[in-house]
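Going by the order they are written in, the chains are A, B, C and D; count residues from 1 in each one.
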Amino acid sequence: MYELILILPAAALIVSIFADVLWMSYLQLAVSVLVFCAVAAIALSFNSVTVFLGGFFFVDYINLVILITVSTLELFVAFYSFGYVRTEIAGGISKRKFKFYYFWKNLFVFSMMVSILSNNLGIYWTGLEATTLATALLVSFNRTKESFEATWKYVIMCSVGIAIGLFAIVILYFTTSQVYGESLRSLSFINIMQAGAKLDKNFLMLAFLLALVGFGTKVGFAPMHNWLPDAHSQGPSPVSALLSGVLLNTALLGILRFYQINGAAGIYYPRYFLIGFGFFTILVSAFSVIKQTDYKRLFAFSSMENMGIIALGFGIGGIAVIGSLLQIFFHALNKGLLFLSSGNVLAATHERRIDKIRNLSKNFPVTALVLLFGVMGISGMPPFAMFLGEIYIMTGVFRSNILLGFLVFILLVFIFIGLFGKILKMYIGNTDSEEAGDELKSGKTAHKEVNEGAIHPFMVYVPLILLLLSSLLLFYIPSPFLNIVKSASAEFGGRIIF
Amino acid sequence: MIMEKIAELFIILILVSVVLNVSSPFIKFAIKLYSFQSLMLAFYILMGAVHFNSINLYGSFAITVIFKVVLIPYFLFKTLKKVKMDKEIDMYIGIPEAVVFAGSLTLLSNLIAQKIIKTGITFGSFVFTISLATFLIGAMLMITRKTLFSQIIGFLTIDNAIFLAANSITHGMPLLVELGVLFDLFVSILILSILILNLRRNVAV
Amino acid sequence: MDNLKHKGIFRYFFNCLTILSAAFFTVLSIYCFKSEFIVQSSFIDFSFKFNALSLFFVIFISSVSVFISIFSIKYGEKYDKKPSLFIYSFLFILSMIILVISNDMLTFLIFWELMSIFSFLLVIYEGSEESRSAGFLYFLMTHIGTILITAGFIMLYLKTSSFSFDYYKGAAGIMILAAAITGFSIKAGIMPFHTWLPYAHPVAPANISAIMSGVMVNMAIYGILKFLFVFSSGSNSFLGIILLIIGALSALLGIMYAMAQKDIKKLLAFSTIENMGIIFMGIGISYWADIENFKSLEYLAMLAVLLHVVNHGLSKSSLFMGSGLIDKYTHTRNMEKLGGLSKKMGQLSVMFLIGVMSISAMPPLNGFLSEWYLYISLIGSVFTGNLYMVYFSIIAIALLSLAGAAAGAAFTKLFGITFLGKPRTANAENAAESHIVERIGIAIPVLLCIYIGVYPYQIISSLNAVIFYLTGGTVSSNPFSAVHVINARPFSLYAPALIAVAFTAVLLIVFLYLKSFSSDKKRIFETWACGLDEKNSKAQYSGGGFSSSIMKVFSSFYSSVSEINFEKDVKKYFRSKSVYTEEVNDIFEKYIYIPAGKIYLKISEIFNKAANSANINISLGYLFLSLIACFIIYIFIIR
Amino acid sequence: MNFNVQHLIFGTAQFFIIVVLAPFFAGFIHKLKQRARGQKGIGIFQFYINFNKLLKKELVLSKDATFISNIAPHIVLVSYLIILLMLPAFYRYSLLGVSSDVILIAYSLALATFFMTLYAMDQGSAFGGLGASREWFLTVLSEPSLIFVFISLAIYTKQGRITDIFYFIQKGAANAFLSGIHSGAVSIAIPFLLFISLFIVSISENARIPIDNPETHLELTMFHEANILEASGKHLGIYEYGSYLKLTVFLTVMSLILFPYMAVNIYQIPSALIIYVLKMIILCVIIAGVEIVNPKMRVFRVPNVLSVSFILSLIAMILSIRGF
């Protein structure tokens, strides 16, 4: 059961080398559905921490939340790619490239699963680095100058960051090896947690700092975030969805692990670093969004902001942790729908610039509406689920400090201005102005003719379903998931002092 | 006792190689230096292996030699041949300043090490200082040099520094982990060289 | 699908649905009065409760939206091509109704935001550039408002650790009230936060602007009443004085700006600001009296508030519907292009006249009644002898009386320029009488205006329930000898029915007298235009000219730019053509909002340069610097 | 309302007496002015004759006139009549005294203005619009001070109805007079201030000379006349009569502010009536004097004068608060 989660992507990975692309897309659907079912079964039957594959992997409440997130988004992305592949091949991209697409995507998912489930921090590190490498060639999928530069930046920065993370693991290993001796046991998370207060506090703190900066680079905390907008905007839309939907959370998991260890050892000031990085990230993205000209970069910045909010929530602790855990899931869904629906526009118009795209509401009625509502959702409005997460986090923030709460709210407003203003420009533009008429005459706006007919129906309806799901979740959250979230938050909540 | 002295020699040589790297604008030389540096690291690990007589360290010595001393420099040289460039022209700060900066970074790392290490593990503190210094200088290399190659070199230097720390303050990570780490490193170098080629094709670096 | 659209199925279906659901909710809230529903969900429970306040608002919303639906059954036919209008407006009304019966914080916020979202979708319905900018401004402001309200609620939650309103009684301190009331007054369009309103209301279709201006802004009043009179911990009475003064200022400025407008709907939008200001004045007095414990004054002011909510809802919605008809049948909303409509659209003009009289507080109509109650409570607050309140309420009286007179001027301009005189352009020439259903939709609220104005005792006695719920007292409303008690002093009386009877009687007498004693000889002839061409409709006074003299006196309120361009090299005195252009800018917009936006852009530009550089070396530099910074903080601060 | 036949009868009588006297006051002022200018002048009762003549004349309506033209004059007249029904000129219990609220009176004046201006704009002539614009210009400026005068009366006497207000002042004055010493119950300063301020307002509201000149039809000078320029026949008659009534209203209020003497029973009525007429005549003389000595002022100097009246009424209100 538990093994399936790792085996299935691996199998898909191997098959994808040989299989034909269109056939592969069917298989991918099957695999994603199976993985999802497996995760669902685990989630429904989960009652305590479970170790498998010889103690190297385990499932506890926290990584179960992320596991559910990954498998859910993966499911939707698989369905989307089903249409995406067909559309792009019809658009004239070679099947060979898409063979690689599936190969790397499966590798990416596999390594992500490995690092999420790993009990051993070394294996977590390996998996995380592997995700960087796997996604590197997906980011440079379009083989343009920008994409290569973005990939370069991505690989270099994340490798360096993760190397720093390795340093953290080394130091942790040093401290734990004084308890358990030099063996794999002293890297296994469960044992470390059991060691708890016996560990050396200075080294733990040092390790946490290194992990925060190192893995934080991959999470996209400011000011280490520079790779993020480029990488997320360059890749194919499904990959971008996965990147900012779940990969960031996977990297965040590493920081959380160290945070937990420190908590177990009875060190409390890590939370201030989390709060600081979270707030600074929100600040930077708040003042960056308005200046963007590429809509995928826009969404990338908004994922930065959400990561900041989540980190803030974890740092604040208490009720905010529930919010953060919910936010991880909801943000994945919402960001997925944004990237996928904007992917439709991109696939149909091959135009990334915001000011080139106008009046979507006429040509892409469904997509445009989904995009608009998605942006409402991402800025934490009801009736979309992120409202819940945000209100819980903000409650925590207000409890800790009212001034900070108002500051965060102001920054959220700034982000809303940038995000919503630009998307609204795309939604209804200056179609009735004579300038557009001139464009039509000069034939500059060839993309204005294309409409939703040009793209596969799956691509249209997957984001729609995501939207409905995320608005449904506000009104009814499945209680098993809720219990998981609650018990996960208990693992943090216990030690937080106000 | 004598072993420790020899080990310290190796460690010093690592630092020296990094500083030399800072002081030279030539890429070929830098790659050679890197491979030399990795060799020193490998020897240091070997000393540890002999000292503690642990299979684990022997294994890590072997894979270090294979990956770091041989494979990675080999691939870098191949890529370098493809892109036909050996002298890097542009860096943000001049070489003398860079060297001075490297020295001051060493001092800083010593300070940090003194702050952090509990009194008692003096041997550890020395190695820790060196590795931290190597780490920071590698970072400085990455920051101050514009060429893609020297960024790779800096990244590898950082990696070496971490390996040094791993093998000094502990007696080497578990073999499995180390294998994974090195494999990842290797693949990332492959990918980076592919990227360099592509960028060379598309853009004039 | 398409032929469905062309038959207008959507229009009929959703308008009827609106009427039905309005009726349903009215009946529900009457029968389930004071009972509570809780819709269990896995995580949050949605709880609804029917109290007097929510009952009042439910009935108010449903009735007004019923008139508007009747109106738009016919009016909406030009929107059949995009039937989303009807769906959205249905959901919009529905969310407002559910908003007022919701009894916990999350439900309230969810439906509040739903209301904003649907109204926003309706504002951008036309899809033009100006509707985009207006919609964005509107949605931005209302989002800020929502965030402030959310902050208030969060603080309440932290105080009471419960989501349900039942636990919030007397929990809200000054901080919470300040946040929440600022948020609500953004929605109400009170003066410093009004910028969105004059843009958002005109661009929406007329039936929607009727709902927004007649009903939606009052949701903010609902929230404020809830916070001030149910949740407030009764700490600070100065808040009431602040509300009074802000309300008075926005009443005056709102109507002053209204006078300067050419666009009919823009004029009405600004007048909405004025009326919201009047309501705020009432709220301020009532809250102040509540804290300072002048009970009867509190009841009176509350009566003024509720009555004005109703009156403004009725008259403003009817006026907006009328403007929609004008727009529909003359294809312009610009007064300077209209004129002489009352010969083409006779019945509409009568109804419009009554609406205009009611909203500019002409006795004996309902508008005067509520304004009279406000005056009485202002005088009462002078009687209280509290040092601050006396002087502030004198200022308020001055501002209010000025606003009242200005309202008369503004609406004389509206009615006179639009409906009277000669048609100024062909649009006005070819106007036609509107369809009967549309006129019925307008007629009902107009008749209600007259009814409330003439015989208000019914509604006052039913409003007493709400007043009792909010303040714990009632106002006596006895037709002929009602003497309102202010601070144990029997005070003035205005007996509407008596006045109305006397008015009609004297009118009848005068009419009969003249009928019998004057000649019936009558001659119809052209108006004399000083011997110029009588047909020339340009000889009339223009709307701009009408208001220019008043604007000249109060020029400090407007930062207006006006210039006169003469043609060059023509004879000195007899110029064949001269162009006069005048633009009036909102001072708040010019001196607060636009500079703030500029500053934000500048800061973000700096940030963008610094933080998001494409250069990888700098990025790596940031990485290591932040690492070192963390170390330094750790070593030198924490340890 | 305690129904009382006596009140009913005398209230009605008072109403009709004022209505009948109204043209006489106007004519009297007119006569005085003409005499002072050395003209021979019309008879004092000329305005009755004018009214009668105008009623007999045929009505000329514009092509552009709508239903407004037919109802507006009546409503204007009626709103003045309603105010007169409330005023206790010389008998304390006026007919509508029970509902004679001060704010109602102020707004009824506004109602009259509203319809007169609508009438002016109805015929689509340039003068009408001009008149309407200027009329509202004056009203916007004078309405606050009018309301202030009334409200400060209300606050000063702590009464709401105009009948009670003046009865209160009367009693206070009587007490002060009889008991010889100046009791705090009544003050002279406040009514005096209010009188001045109301005087200025009434000059502007009644189209008197420093502000307006009803005798010329020069488009530069017209305020009031421009509104009714198109009116003819009975409409003109109604307007003229309305203006007399308005004048009477203001004069009556002023007379009552300064020297309130209202009959409370039958026996006082004759003396009260005589005193009332005398007061009115004195006021007419004052107004005529003001009209003679002053030139017509520029339109945009009007705000300065009216602001003076506003400030005076404001001071009066603040003084009247001092009571508690």
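Here, contacts are C-beta pairs under 8 Å (C-beta built on N, C-alpha and C of every residue); 3 or more make two chains touch, one makes a residue touch a chain.
From a predicted model like this one, the values you see are computed outputs, not experimental measurements.
Centrality by Cα centroid goes to chain C. The chain with its C-alpha centre at the largest distance from the centre of chain D is B. Looking at which of A-C and A-B shares more C-beta pairs in contact, the answer is the pair A-C. Rounded to a whole number, the gap between the C-alpha centres of chain A and chain D is 78 angstrom.
For the pair chain A and chain C, the distance between C-alpha centroids works out to 44 Å.
One inter-chain figure worth recording: chain A and chain B are separated by 32 Å, centre to centre, where each centre is the mean of the chain's CA atoms. Annotation: 35 Å between the Cα-based centres of chain C and chain D. Residue positions of chain C with contacts to 2 or more other chains are 616, 620, 631, 639. Shared contact sites, meaning residues of chain A that touch two or more other chains, fall at 149, 152, 156, 160, 164, 202, 206. Every pair of chains that touch is listed here: A-B, A-C, B-C, C-D.
For chain C in complex with chain D, the residues that touch the partner chain are 339-340, 342-343, 346, 349-350, 353, 357, 360-363, 368, 372, 375-376, 379, 382-383, 385, 390, 394, 397-398, 401-402, 404-406, 408-409, 412, 415-417, 419-422, 480-481, 489, 491-495, 498-499, 502-503, 506-507, 510-511, 514, 517-519, 521-530, 537, 539-542, 545-550, 552-553. Within the complex formed with chain B, the residues of chain A that make contact are 120, 122-123, 125-126, 129-130, 132-133, 136-137, 140, 143-145, 148-149, 151-152, 155-156, 159-160, 163-164, 166-167, 169-171, 173-174, 177, 182-184, 187, 200, 202-203, 206.
Contacts from chain C toward chain B in the complex involve residues 616-617, 620-621, 624, 631, 635, 639.
Interface residues of chain C facing chain A in the complex, by the touch rule stated above, are 41-44, 46, 106, 109-110, 113-114, 117, 124, 127-129, 131-132, 135-136, 139-140, 143-144, 146-147, 150-151, 154-155, 157-158, 175, 600-601, 603-605, 607-608, 611-614, 616, 618-620, 622-623, 625-627, 630-631, 633-634, 638-639. Of all residues in chain B, only 56, 116, 118, 135, 139, 142, 148, 151-152, 155, 158-159, 162, 165-166, 169-174, 176-177, 180-181, 183-184, 187-188, 191-192, 195, 198-199, 202-203 touch chain A in the complex they form.
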